[in-house]
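Below you'll find the structures, each written out as structure tokens.
Next come two complexes, and both contain chain A; in the first it sits with chain B, in the second with chain C.
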Partner chain A sequence: MSKFLENLGSIDRRYIFLIIAIVVFLPLIFPLGLPVEPTNLTIDSFNAIDKIPKDEKVLVSFDYGPSTKPEIHPMAIAVLRHLFTKGNRVIITCLWPDGLFMARQALQQVAVEEFDLTYGVDYVNLGYRPGNEAVIKGITRSFPANFAVDSRAIKIKNIPLMNGVQSLKNIGFIFSLSAGYPGSKEWVQYASDPLGIKTSTGVTSIQVNEILPFVKSGQLQGIIAGMPGAAEYEQLLVNNDIHPVIGKAGKSMDAQSIAHLVIVLFIVIGNISYFAKRKKEKKY
Partner chain B sequence: MFLKRYIPLAIVFVVGVTMLASWFIPHSPFDAFEIHATQWFDIIASFAMILGALNLLKIQSSKLIHRKRDWQYSLAAILGFFLTLTFGFILKGGHFLVLKDVGNNPTAVVNELSQELQIDNKIANNIYAIPETGDGIKIKKQYYTQNKAIEFKNRLETAGAVVEVKEVVWGGHLQQNNTYFAWIFKNVFTPLSATMFALLAFFVASASYRAFKVRNLEATILLVAGIIIMIGRVPLGVFITNWIPRTSFFSFLRLEILQEWIYQYPNAAGARAIMIGIGLGIVGTSLRVILGIEKSFLGEK
Partner chain C sequence: MSFGSIFGAWVTVFLTLAILSYLYKDNPFYKVAEHIYVGVSAAYWGTIAFWNQVWPNLFGRLWPHVNDPSTLSKFNQFWYKIYNGLHWFSHNVFPENGIPGNQQQNLWYIIAFFFGLFMLARLIPKISWLGRWSLAYVVGMAAGLRIYGFMSSNVIAQIHGSILPLWIINEKGAILYGQMINNLVLIVGTVTGLFYFFFSVEHKGILGKISRVGIYFLMISFGASFGFAVMGRISLLIGRFNKLIEYSHKQYGYATLILLVVMVLTLLILNFKKTEEVTE
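Showing the complex of A and B:
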């Protein structure tokens, strides 16, 4: 028995990989329908967006790429649905080069296919500019100086939505979809805090630690934290009759739940083995 | 010595002090300087990308030429680099048609359009069978090659329409469907990036199993907090402690509430302390650079 317990600590990692693959895969095919309960951080973010007056223009920054797409993209979809349902007009910027493609995909799905909105009037994608926080700092003073054309190479002065948008001071709300640097932190430090623009964010789970102090200080209005946060936001859209069904994040929550449970079980098994070995070492 | 050392130090001092002053003095000429400085930074950042690309080529080429270990990966990196460069700067794709006039037989034109775009005849009719406009109507389908676009153009012209083949503008091609750059991003870069990130789940599982041990009090606190966060953060946490009524005194034991408390209080306190430390460090380092005490950016120790 003691030998068996000791051996539990040296399971070949290929078996661990296989088990994780199975427990992620199975709930995606056979959903369990576990309840998604919105947490305060997500509710704060939802309420902040809900309170934006209809005539305010909202800047949404796509600062993530395909690697973090499963976590952040469902948030982008949910937030855009919320904004467009309310009738807000949206200006998109990207501080990451691949954010441009993420924005394009999200806009195609929500603005074009679901809401049939007009480019340049209801929404605009200004695209990517290199320079990280310098771009944010730049648009606090002047949009045209930093974005002469949009992502379709249309001159910004010819875009109706950009009429009267001289700088970030003309923006009512900022929402940052961020997977790292540059992202939410930089938007708070260089734009929302100096100009007093209300801001909220959606980040990867691993970033929450870093961003949370900004929420506690009131500089950010809530956080959508990782895929669970996205699922909670989707649930809030359903609860408030904004969208009829939950999205990809909500559907992935069963798989993530079971995967987390299995990782915890592995930790427990590892510790049982560790104690068995320690007991043996003490004995001899 | 003067050019290599004192001039750069003087530039750093003047620019650093001016930028710092512009933060506190939002009046002319400081506010204008701030706009110019951020634009200079944008331009320098763009050139930094070129330097980065050249550096990548230099390192990978050296590995390839000298047949160092795993040189095959360097070959893949160089080929990938040039392929992306070609699709970004040379081969665009993204050919589309502009319908100038539907001609005398609109039904035939609409039939061709609905067939090609795979949409209902009625929808095609609503979109395209309208009187001639100055610029014409862009047909919502793009082709990788010009030949494919011309093929469809010929079919429409046979039906009596007046059609023109156009190409997406440079810059716009990074953003449009059916361009080579969009293709490589969607079909190569996206799955590769997603795969790399997805592997993390497997490594996290394996690493937690081997390393997360109850060795002492600190490790035990970390482990318990980690498990509460891991389970409480997902719907399973809600499910496990759903039996505790929300209104009862013990509602704080619900996993989703417990995990949020850990996030918002002990965790936020620790994160804030780290951030303040980093902030003070940045202030110190920046002052050292501005005052010329820190000279590592000149290549000096």
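Showing the complex of A and C:
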């Protein structure tokens, strides 16, 4: 038994990769339907968006790319569904070049196919501008100076939605879909804090610990944390009769949960093996 | 389904499986995918930087599009003659009569243009010192831009956020023990964590114990970070698997299944050949 426990610690790591692959793959083919319970952080974000008055314009920033699409894109879809259901008009910006493609995909699915909204009236995609936080700092003073044209090369002064939007001061709420730098932190530092605009965010799992202090201090209104956060938001949309079915994130949570259980099991086995080995070494 | 979509699916599946094959061991499929990734990334970022940054923001402000250059001032007519030289060099990059994009002419950008050239001077050892001017500007500008945001949001607002009451009673007069404990944990964690990084006093006796508590809080934070990192990686794996499942269907020509079988068989044959060589 002792020998078996010791050997477990030095098992070929490829078996572990294979087991993880199987436990992630199987629930995607045969869903278990494990329940998703929204946490306070996601509920805070949902409530913050829910409380935005209907006449307020909302800025949604797509600051992510294909490499983090599985985590952030379901949030983008869910948040846009929520905003459009409420009747808020949405202005899209991108601080990441790839964000433009992500925004186009999300808008095509939600604004065009699901809600049949009018471009330039109900929503506008201003596209990508290089400059990271300098762009945010710039639009706190003037939109036209930084976005002369939108992503379709239409002059900003000819877009009805942008009438009366001189700077970020005319925006009611900011939502940052962030996968790193520039992202949520920069929106807090250069827009939310200096102008006092309410802001919420959806981030990759790896960023959560870094962004959480801004939520606790009230600088951010909740946070959608990674794929589980996106699944919780989808569940909240279902619970509040905003959308009938859960989306991609919710459907992937079985695989996520099972994989986590198996990883915890591996950590426990690894520790048992380590202590068994240490006990033997002490003995001799 | 268009040919482009099917071809794209096959390329996606091949590159995904090739990268994942590294988990087995280093192999030719992985090497191919790795080289494509490095090459495409460099080209992609180079293109993005030029067409989104240099072209509209620099050239677009130095030579914005004009309908009729002959109506310009004498200086600008000379200035656009320089542009005509660039236009002769490349019609696509420098279209006739200036760069389109509704930019206003701003000749101060000539300084940025030279700073950009100075950056490239670092490649020539004799004049590489010029690059320091550009770097000095970048460092100074970034520090100036960031210090305000960092001080107000990360330092002052965070200190403000950690000043919390330890005795909380709601409107009905009930004591909120849960919130009080939360606040106490946050304050103790912040103070002891900060103390761990205070190196002017030796961490001995009572100070050593405070710093020890700080280490425990840091370890919990690292544990949470690790947990979130694992969660993020599994999410990305789920994303790839979802694509592989989608592309295994008939409309994509069973791309996943066919490529998986071909790659596994190839790796087995290569492994078998290598074992034979070692035996000989």
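The working rule: the second predicted complex is superposed on the first by the 284 of 284 C-alpha atoms of A that agree within 3 Å, B and C clash if a C-alpha of one lies under 4 Å from a C-alpha of the other, contacts with A are read in each partner's own complex, and residues count from 1 in each chain.
Heads up, the rule we're going with is that contacts are C-beta pairs under 8 Å (C-beta built on N, C-alpha and C of every residue); 3 or more make two chains touch, one makes a residue touch a chain.
Nothing here was measured: the structure is a model prediction, and the numbers come from that model.
Participant: Report for A:70: first if it touches chain B alone, second if chain C alone, otherwise both or neither.
Facilitator: Both partners.
Participant: Which partner chains sit in contact with A:245 here, chain B, chain C, both or neither? Use first/second/both/neither.
Facilitator: Once the two structures are laid over each other on A, A:245 reaches no partner at all.
Participant: Figure out whether A:213 sits in contact with chain B (first) or chain C (second), or with both, or with neither.
Facilitator: both
Participant: Between chain B (first) and chain C (second), which, if any, makes contact with A:134: first, second, both or neither?
Facilitator: In the superposition, A:134 contacts both chain B and chain C.
Participant: Could you say whether A:228 touches chain B, chain C, both of them, or neither, answering first, second, both or neither?
Facilitator: Both chain B and chain C are touched by A:228.
Participant: As a test of reading the superposition: which chain, chain B or chain C, is in touch with more residues of chain A?
Facilitator: Touching more residues of chain A than the other partner does is B.
Participant: Counting only touches as set out at the top, which of chain B and chain C does A:205 meet: first, second, both, neither?
Facilitator: Both partners, chain B and chain C.
Participant: For chain A, give the residues common to its interface with chain B and its interface with chain C.
Facilitator: After superposing on chain A, chain A residues 17, 20-21, 24, 67-70, 129-130, 134, 137, 149, 205, 208-209, 213, 216, 225-226, 228, 256, 259-260, 263 contact both chain B and chain C.
Participant: Once bound in the complex, which stretches of chain A touch chain C?
Facilitator: 14, 17, 20-21, 24-25, 28-29, 67-71, 97, 128-130, 133-134, 137, 148-149, 155, 185-186, 188-190, 193-194, 204-206, 208-209, 213-214, 216-219, 225-228, 248, 252, 255-256, 259-260, 263
Participant: Under the touch definition given earlier, write down the residues of chain B that touch chain A in their complex.
Facilitator: Interface residues on chain B, with respect to chain A: 31, 34-35, 38-39, 41-42, 45-46, 48-49, 169-172, 174-176, 182, 185-186, 189-191, 193-194, 196-197, 201-202, 204-206, 208-210, 212-214, 223, 227, 230-231, 233-236, 238-239, 242, 256, 260, 263-264, 267-268, 270-272, 275.
Participant: In their complex, what parts of chain A are in touch with chain B?
Facilitator: That would be residues 9, 11, 13, 16-17, 19-21, 24, 34-37, 39-41, 65-70, 98, 100-101, 104, 125, 127, 129-132, 134-135, 137-138, 141-142, 145-146, 149, 151-153, 205, 208-210, 212-213, 216, 225-226, 228, 231, 253-254, 256-264, 266-267, 269-271, 274-275 of chain A.
Participant: Report the residues of chain C in contact with chain A in the complex, numbered from low to high.
Facilitator: 23-24, 48-49, 52-53, 57, 101-103, 145-146, 149-150, 152-154, 157-158, 160-162, 186, 221, 224-225, 228-232, 234-242, 245
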